[in-house]
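Each of the two complexes below includes chain A, the first together with chain B, the second together with chain C.
Now for the complex of A and B:
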């Protein structure tokens, strides 16, 4: 290991703090569950939100990792190690899927076809049971994770070998994997979005839904990487590496992704609003009611307008310490977006009060402790930049090229 | 102004072979206290603009204000046409059917913002300009091919033809030309 780029020693302290906060989250989660009437149901509901949130950041890191290999741009080199560490948490997420598999019956409506009294709905679910049945569901998720883990391990192996040998052919090989790999990744993510989230309402469908979650993952991952870079930029050795130019690039990427998210989300709304069909629009009607209506407005403002306007500023993008506030706003909004997508399905048209959703914060923070613990363990174990990459001098130059 | 009119000089133009030498020279000229500097390159070089202390201008603000005006204009037009002047019930949706109004609002924002960018840029650059002294330099055509130029204008308070010429030559210019007014 090249000691010039060794991780700062107090990353271990940050890891400890993350684990501690996670532990507090788990305690709050347990207390919340015991106070709630229906422990089993609420546990699995809040678990699913936390799982989709953290799996999203892990997958976003994997996607960005392949994109930076494909682009061959030097901005990607600076964040390659954080992205690798983020995608390595997919191993953790694969293990954390097991409770979802156990709780399928408490999460998905299509598990209880027999007990549904509505004839039409039951006929429709019977028709869809070829796809929506527990065995096939678990097999599919296993396939998704196999695809993601394979890509993650292949890229990781090449990157670590590059540290030892500095052989440029390894980058070429990573690039060759990333092209078809990204295609496989996007297909697996689309199907995962359909299975894990969209099938909560087995009647409803939207063809853009997979893309919506993929872009959401990208937004969350870049916002997360910006936060990590700001932490690193305050410490040796990365304070000599991360320049305003690098934050400028990351800020531009965040701006672009926020816009794509808004574009996809709005496209779905516009089409369903215009069609106003009985099999499509109820999904939105449920989400315009009560608390969800307010959270929806919060999403329009906080997930698009505010970050969009702030990120237009060049000075803000170049200042990591200010950029990080936008990144945190966006991460919080990602969480609210997932709440808005998932939780109304558990309520059957009776939205709760804001305090009913605190348990989802507890579960997400609780799982976040584990996730961040895994992430920082990975980040600490290797040099913070791929120091043998032939493009490194160019990436480190004050200009920080493209 | 009088001294300039007498000598008929616009400034001194230093010619460089590579972008990096032009950026370095521009930076040193700025550091030496010159402020009325201009630089010319065949393609945009962000560092060059930074080196001569040119990155703040009013074009982004113009674009932003025009964009907001476009958004307000677009949405007002639709509200007026389909909810006030000729109320139109489309399949029982509210008269002010916001989701359907967004695309037009967006297009109007883009349209006005691009007008703001295009016209704002022209006006603030003082374009169109049929005559500009820098084209009196014989080799200046190559500023759009393969050469990089740094020009110190005569109206700079620090400008002194001999000293400035010597200074620019020291910076490694392949040629320093007198720019006729």
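Now for the complex of A and C:
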């Protein structure tokens, strides 16, 4: 067993495969767009879904990284490097935001305030225009990314320095940053959720929405990390490191997050459904119709019941190769959840057929190639485990530290 | 266990969860003697006398209330819910810390909880008892409260299950039952220990009865551990559901200020916030009075401060979201509600709330303050007050100025509102005094598991085989 925990050489091959699949996705996307007739609109719509999906995983990684420092659970440092690599993709996501900024007019209804004839709606949008205007929107997103990138770079610097020096003060410093950092992160994520997703329906509002998306990011990130850990656990050197215990812990975390997601989602639905107010309920009515109704049921089953029941099993959680199937299910469900949140807003009450949504899969896979390429490039560039962390021997112990 | 896995020269910077120099015997004696000693300490008698006066005030108020009716309170349309519901939510929130500490932290394997859990569980029970009083009396005719339960009757009455208030009945009663079971079951091994070291017959027979035939048999322990974990698993969703349903009491309605989707997590966080503040409010004096510094260490105080800071920030996040969304909604009533909250006739309550719940607790960011008991105690007091104000702001200020300005009316509590509220505090403290005197407030056997001598695991067996010595330090606890 090598003690410098260098990434296995065939990680490069996996990176290549990811890029290849991504390329296929882009080809499919281009074909789909040319067939669609309304290239510009559909491009930006499908782009936004892909962007929110991958930004979500990147942000989830950053949030989990800070929680990992704050919680101080020693097993968490086993996944520190994958989380760091995942959050490093925020640089890519910041660049990938540019097309969203270009396509604001094609994405957001509130961009066309002037052309709205309904007086009440117009008055409402006039009131909101202080917040929902293109300049401020872009400035805000720049601020969000500045916050996230700062936190990411600060934590990364400390972690890499720790590899060189092994100075425990660096961990303390990372912890000290993570406390206020998580607060800033959560506020930035909340307003990003409001801006990027909630404002698609300029009238609708929900105070839990930010938390709902933050938890969704956490779910996606942990499911993704489980998948990465399974890949790593079949190769040197991580096959000596990742034990059933670690998968057990990751599985429990996924279970908890899935439950929190269901709790938030259910609460929002119950409160709005009971209130039945004209400014709130149309959002749900649109999502109960046609294909969206079926996808909604799929979410209840696939984003909660099925993973919940499966993850109760101790054997399944301890077996990475089985756990990874639940993780994939959850990742797919995260995608469907985002579709369910975003796409009905582009249809104005006329839900399409399932095949109309294939373009969203193509765009997400296409962007995913780039994202995963960036991720694996980062993962390969450093030791897979922070080997100079003073708590590492304990995290590696068969029992897994708590 | 972990010491040998540490890199050389690395010292865990955290203080131990158990003071040094203890063994099995010293733990039993230190905690057991508080219960088994003869007579009463002067301080205890003095304190008990004061808080019992408070309890008497409560009993008198209830007596008068039942004779005269709820008209003696200040509740009046449009403010039909006032002190009664505020106090109900306040008390039930306080109760949540007990379950959180004993169940959730157990599941998360945070063994620092071992010293404060019993104490916090007792607090839960008494707080839930106080909480239950208010809605039970608010029905106006408490002698027919059993109508709340669905049972076949000739009156053709059936509770409305679409109302969250009904869910409350079931959530709170289930929660109270499970909390009681959890608390009592955890006490059984300690009751057995007290029975065995009892100094007279009375003690022996009472604790013997309570110990339910516990002999410390391996099978007893095995079943105990399984049942304890199962109950913890049951309590965890319960504790979340109770306050979630309490939040539904408000958010399912459409009153601006009540109807907010963030209420469930924000209420749960608020409950934990208030609960930890109350645990600290009680633990700090008790620790000093009974010299329990070795068991409730500075590590416990620090950890509780961190939980308080985290949950307090979630509560602050809730305020921020409410503030932002009321403007963002562009809804006349939502915007008015927020304006009324901040600048209305009760505006000072909102500002006090921000001071108590958001500003003052930020002191806990600073390490130095988390170690200063005086500061921690003061901050906890601010939070206790702040969480009460929060419920006042939500409940009364949303009701007293509703959609129709013609029905606006200021709310004025009467003297009975206050005697009832302070009376429950007296009753609660009376129960706590009795608990501390007659029941071991720190689980003796769980404290013993923190001693290095009690650890038998594979690593240690390996150590013994290989002949390396075992450190005399208590196990470092990870994850705080």
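Criterion: the second predicted complex is superposed on the first by the 398 of 402 C-alpha atoms of A that agree within 3 Å, B and C clash if a C-alpha of one lies under 4 Å from a C-alpha of the other, contacts with A are read in each partner's own complex, and residues count from 1 in each chain.
Just so it is clear, a contact is a pair of C-beta atoms (placed from the backbone, for glycine too) under 8 Å apart; a residue touches a chain by one contact, two chains touch by 3 or more.
Not measured: the values here are computed from a predicted model.
Asks: Would you sort A:24 into first (chain B), second (chain C), both or neither based on which partner it touches?
Replies: neither
Asks: Thinking of the overlay built on chain A, is A:358 touched by chain B (first), by chain C (second), by both, or by neither?
Replies: In the superposed model, A:358 contacts neither chain B nor chain C.
Asks: Who does A:312 touch here: chain B (first), chain C (second), both, or neither?
Replies: Touch status of A:312: first partner only.
Asks: Touching A:336, do we find chain B (first), chain C (second), both, or neither?
Replies: A:336: touches no partner chain.
Asks: With both structures placed on chain A, which of the two partners, chain B or chain C, ends up touching more residues of chain A?
Replies: It is C that touches the greater number of chain A residues.
Asks: For A:183, using the defined touch cut-off, is the partner it touches chain B, chain C, both, or neither? Pick first, second, both or neither.
Replies: In the superposed model, A:183 contacts chain C only, not chain B.
Asks: Quick one: classify A:270 as touching chain B (first), chain C (second), both or neither.
Replies: So A:270 meets both chain B and chain C here.
Asks: So, does A:128 touch the first partner chain B, the second partner chain C, both, or neither?
Replies: A:128 contacts chain C only, not chain B.
Asks: For A:91, decide between first (touching chain B), second (touching chain C), both and neither.
Replies: neither
Asks: Overlap of the chain B and chain C footprints on chain A, residue-wise?
Replies: Looking at chain A, the two contact sets intersect at 270, 274, 399.
Asks: Which positions of chain A touch chain C when the two form their complex?
Replies: 71-74, 123-124, 127-128, 131, 166, 168, 172, 179-180, 183, 186-187, 190, 194, 205-211, 263-264, 267-268, 270-272, 274-275, 277, 279, 390-394, 396-397, 399, 401-402
Asks: In their shared complex, at which residues does chain C touch chain A?
Replies: 1-2, 5-7, 10, 13, 108-109, 240, 244, 248, 251-254, 259-265, 313, 317-318, 320-322, 325, 328-331, 365, 457, 459, 478-480
Asks: Taking the touch rule as given, give the residues of chain B at its contact with chain A in the complex, in rising order.
Replies: For chain B paired with chain A, touching residues are 46-47, 60, 64, 91, 93, 97, 99-100, 102-103.
Asks: Can you list the chain A residues touching chain B in their complex?
Replies: 266, 269-270, 273-274, 276, 312, 314, 399
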